[in-house]
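You will see two complexes here that share chain A, one where it goes with chain B and one where it goes with chain C.
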Partner chain A sequence: MSNANTNAAVAASFAKRINLQQYVVYFGFVAIFLFFAIVLKDSGFLTVRNLSNIVLQTAPVTIMAIGLVFVMSAGEIDLSIGSTVGVTALAAAVTINQYGLVAGVLAGLGAGLLIGLINGAMVAYVKLPSFLVTLATLGLLAGVSRSMTDLRSVPVIHETFVGLFGSGSFLGIPSLMWWTAIAVAAGHMIYRETRFGAHVLATGDNARAASVSGINVPRIRLTVLMISGTLAGLAGLLYAGRLQAAKYTLGETDLMTVIAAVIVGGTLLNGGKGSIIGALVGSLMMGMLNNGLILMGLSVSDQMIVRGLIILTAVAVSLREKNR
Partner chain B sequence: MLERIIAAAFAGGLIFAAANFANAQTVGPQGEAATPSSSVTLSDADIATLKGKGYKAALLWHTSSDFTNAVSAGAKDEFARGGINIVVTTDAQFDAARQRSDIETALAAKPNVILALPLDPVTSAEAFRQAVKDGTKLVFLSNLPKGYKHGTDYASIVTDDLFQMGKQAADAMAKAIGGKGKVGYIFHDATYYVTNQRDKAFKTTIEKDYPDIKIVAEQGISDPARAEELASAMLLQHPDLDGIYVTWAEPADGVLSALRNAGNPKTKIVTLDLAEPEALDMVKGGNVAALVADKAYELGRAMAAAGMKSLLGQETPPFVVAPALTVTKDNVAQGWKDSLNRNAPQSVLDAAK
Partner chain C sequence: MDAKVIASAGQPVLKLQDISKNFGGITAIENFSLEVYPGEIVALVGDNGAGKSTLIKIISGVHAPSAGTITIEGQSVTMSSATMARSHGIEVVYQDLALADQQTVYMNMFLGREPVTRLGLLDRRKMIADTEKLVKELDVRIPSAHATIRDLSGGQRQGVAIARATHWANKLILLDEPTAALGVAETAKVEEIVQSLKQRNIGVLMISHSLDQVFRLSDRICVLRRGKQIGVRRTAETSKNEIIAMITGLQEH
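Let's look at the complex of A and B:
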């Protein structure tokens, strides 16, 4: 009897120590996976091709989510990522077709970096709220991408580019998975193991305290937005590679998915806490949700309603527990 | 309605050799002659062969709207005859990357036939490649992925008869004003394939077929919200207009309002697509004389029929055109059914009694 009590107490203290709430996204992911695996066992959900499709489809969202974890951990937001994707994909496509691979990649990433720099400078040095700055650049960039090629799609015929950023593979693993893995690993390392990562969190937790303790807060803000812009640029390259074409609409519907992935993944909306691995799992969860609901044969409206309810539940659980 | 026009603009990719105005007909992307959708049908023997095969279909649309609902309904009913289940329906929300993901996801359900509106020729070429490789029968709405070959890559393209829509609007206008008079022409001032084709067909038909009708005022419009201002200005300069053609129903709201404000019951309006305010005015004997619509339900039916023919290994026509439909006071209830496969709005039915 007393033995059982002790066991329960040990289990309770163990649960407390590892803070189960932090793992909501992982439980949610597994639960949704199991649900689809059972319900859709005859509908192709569990096939290797379908599961690998989910990872490939979510690669750009995952990569943008990594950038947003940095931004949100620093207490800022970047609403312009979706529009950035269109601009960078078009910049890359047009440049590749004229000047080749290296120039094209640099143009795509450079455009993203530049956008991040502009966002960051407005936030860090002009001292404007990032919500408003990036809301403005969101619209501005949507206009820019529309005017860049006069609404036309640009085909990308460069084989190496398509291999590197789209349909290619290395050691039997598709290139989009490599990019996801590299970005997640690098992001996680920087976020968790470097002084910069710690400074980002400190800034998001309490900017004044961070500043007093000698952290260059404006520079942190500038840097996180530059990271976010550059990663959106990389996402643009991946879209261009995957579709073998660029178009101004690329990425436009991604913003909400990215934000949902990041928040479900355990990053606080107002800074100070976050997780790159959580964002990866959150992004995969969003992709899996889209995939599974489509395969269930739901009508489009029903897909949207169910997806919304699940995201709402996930966000409610993860945020509620953290604020306790 | 603007949504549909934007959809059409996407579809526009401008691959069609456009309506060939010299011959007054709509032709396919590679100059194929149009096959009327009514001739794409399955025999009872075909239906019997298909039944029990357990074939599956996927509908991969570009958006969700009245239009896609009606197309889906037409496809669903036709597929049901052959015992084919629709296992997947998607909405790419005009996002090319999302369309690619939708295709990949749909393929996991192993559909035998896919009906889709490719968002644009360039981005969809790569996106549909896997479906072609998997041997899925593809029937496209309005648009063709670049480089795709009829027979080997896809079964059919099905589209609206845009030229007929514009032409029927011209014919309806002529009828409404007694074959002669002055008309105003309000066209869509943007490079959108669908509206441009329809507008041009209206103008060409008036100029060619109705020598006693003169287009005395032309006005481009890009923002439907400004239609009232534009129409008021047009009426100020030409108070004696017998009729006004409006490029689609949403700006026609503004034109109607301008006529009412001017206390003008005489000038007739002809516009495109079914909309409740215009239909209501029409059945009440107001300014609106006719609405020209496409047969969205028939588009879906013909797509499904072409897909099933392809499953049976039969020859499929490369380019299929669904007819246009002129809706007037007399056929408003039936018109709604024929176009969108649902009842006309209650207000319209009540007023028509």
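Let's look at the complex of A and C:
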């Protein structure tokens, strides 16, 4: 049994990597939490109100991150999510004010789905790189959301909508937490426990292997981008609900935060491996960081620099893992 | 030897008749005919560019033949996709390992054909149990069904690829240079696994560049030169010299 040795070695290196890569986000989360808890103990960081605020504020980012886990796991990228949010929030707001709740919600989600469909079709069937396609739609949608209402903000004056997607609560738990929980649970289930989830991972891991195994690779690529577009649409609704208004600027700066949350959460940039729970924790970590840096009194530009450095570190770790 | 004679007396699992394949102006395969019987290993040899890989791709549904017929267990079939070939019980093990590196062994085993529970969720328990059983039967030595492919050696990976093919193929396994990327010890292990396929009464058509390997493993040898079938020999009744002469064209028949 000369194999026993090599097997043991393989098992050891296997265990080592699992520890390192899968739990890095949890260590990071705890470390940042402890850091702020100590440094900001007199600034209200540890209050229930502040902590729950962090969760509520990160709801749209978490939901976009779930979509991006699917996209990145399939080996693609969606840069258009941030500007999709502005378009879907405006579409929802305008439609609600004219045609009511159901039409408004459908308009928001439908706009997201349609954007995802266009991105997906270009990637899956025209066979353009998703990086270029979604970079183009990012710019295009930024223009669309600006022209939709001439840069004006649109108030949302629908009580039920605001309750459902914004400040309301159910069984004592805020709506935004419900949406986060539902999206994370459903996302995790689909990602980990269904054939579709397995096919997404296989596609991102080795598209040729997936293809010769009978997986419809173009349809997987189309579907992940549609999921991402629709979830960005849901994020748009949550922004509109929480702020009781929609504006073209919504979501505009979220792209970097979402990508960071997903990568820090253990999803590989090049596909084949990822985690929905990791993305949730990554997103909460980004929210906590944002909150803590503000409480520490950092200027907006310093906050951006610190966040950028953290993303850089996350990307470096992720790529090192891939090229090991 | 006896077993093979009996097998040969039955119906071939694969029968190729007058297969031709043109790529634009190039004739890659010309009037190729061959039969493979259950429980038999047939080696396909020939120089680079002789058309071996093209032939494998025709049988596995990747390329449609320009002319000729493919018969599976007496039934004439048209194979327009790899999925279709698979549904006929034909599996291919690719030279460059069509495995998803970052997934587990058991997920690779069931790639594209994952079983689900009544709730429609992945039936991991079944995948793991089936994988462990097969890996044990074929004596593919991997740490566990949960191991990630990239943590395995080249030989272990090829073992997984062959185990996967064995799990799904009930008629024919095509091997395109299964040991081209492997070291000596790993090659020996993979050869052992290929040898054990005979007991499963599956037909094996194998491309190999190593004549030593061909003589160790095969029951018959089919020589291909510039897309044409030069001849088929029983391995026990031929010599390396004869095969080399056929490959290089120093001997026509």
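Methods note: the second predicted complex is superposed on the first by the 293 of 324 C-alpha atoms of A that agree within 3 Å, B and C clash if a C-alpha of one lies under 4 Å from a C-alpha of the other, contacts with A are read in each partner's own complex, and residues count from 1 in each chain.
To be clear about the criterion, a contact is a pair of C-beta atoms (placed from the backbone, for glycine too) under 8 Å apart; a residue touches a chain by one contact, two chains touch by 3 or more.
Quick caveat: nothing in here was measured; it's all calculated off a predicted structure.
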A:249 touches, of chain B and chain C: first, second, both or neither? first
Which superposed partner A:209 touches (first chain B, second chain C, both, neither): second
Partner chain in contact with A:301 - chain B first, chain C second, else both or neither: first
Chain B versus chain C as contact partner of A:291, first or second or both or neither: first
First (chain B), second (chain C), both or neither touched by A:53: first
First (chain B), second (chain C), both or neither touched by A:194: second
Overlap of chain C and chain B interfaces on chain A (superposed complexes): none
Interface residues, chain A side, partner chain C - complex: 3, 6-7, 10-11, 13-14, 189, 193-195, 197-199, 201-202, 205-206, 208-210, 212-215, 268, 272-273
Interfacial residue positions of chain C with respect to chain A in the complex: 82-83, 86, 92, 94, 98-103, 107, 111-114, 116, 120-122, 141-144, 147-148, 151-153
In the complex with chain A, residue positions of chain B that touch it: 13, 61, 64, 86-91, 93-98, 100-102, 104-110, 119-123, 125-127, 146
Interface residues, chain A side, partner chain B - complex: 43-45, 47, 49-50, 53, 56-57, 60, 153-155, 239, 242-245, 247, 249-253, 290-291, 294-295, 297-301
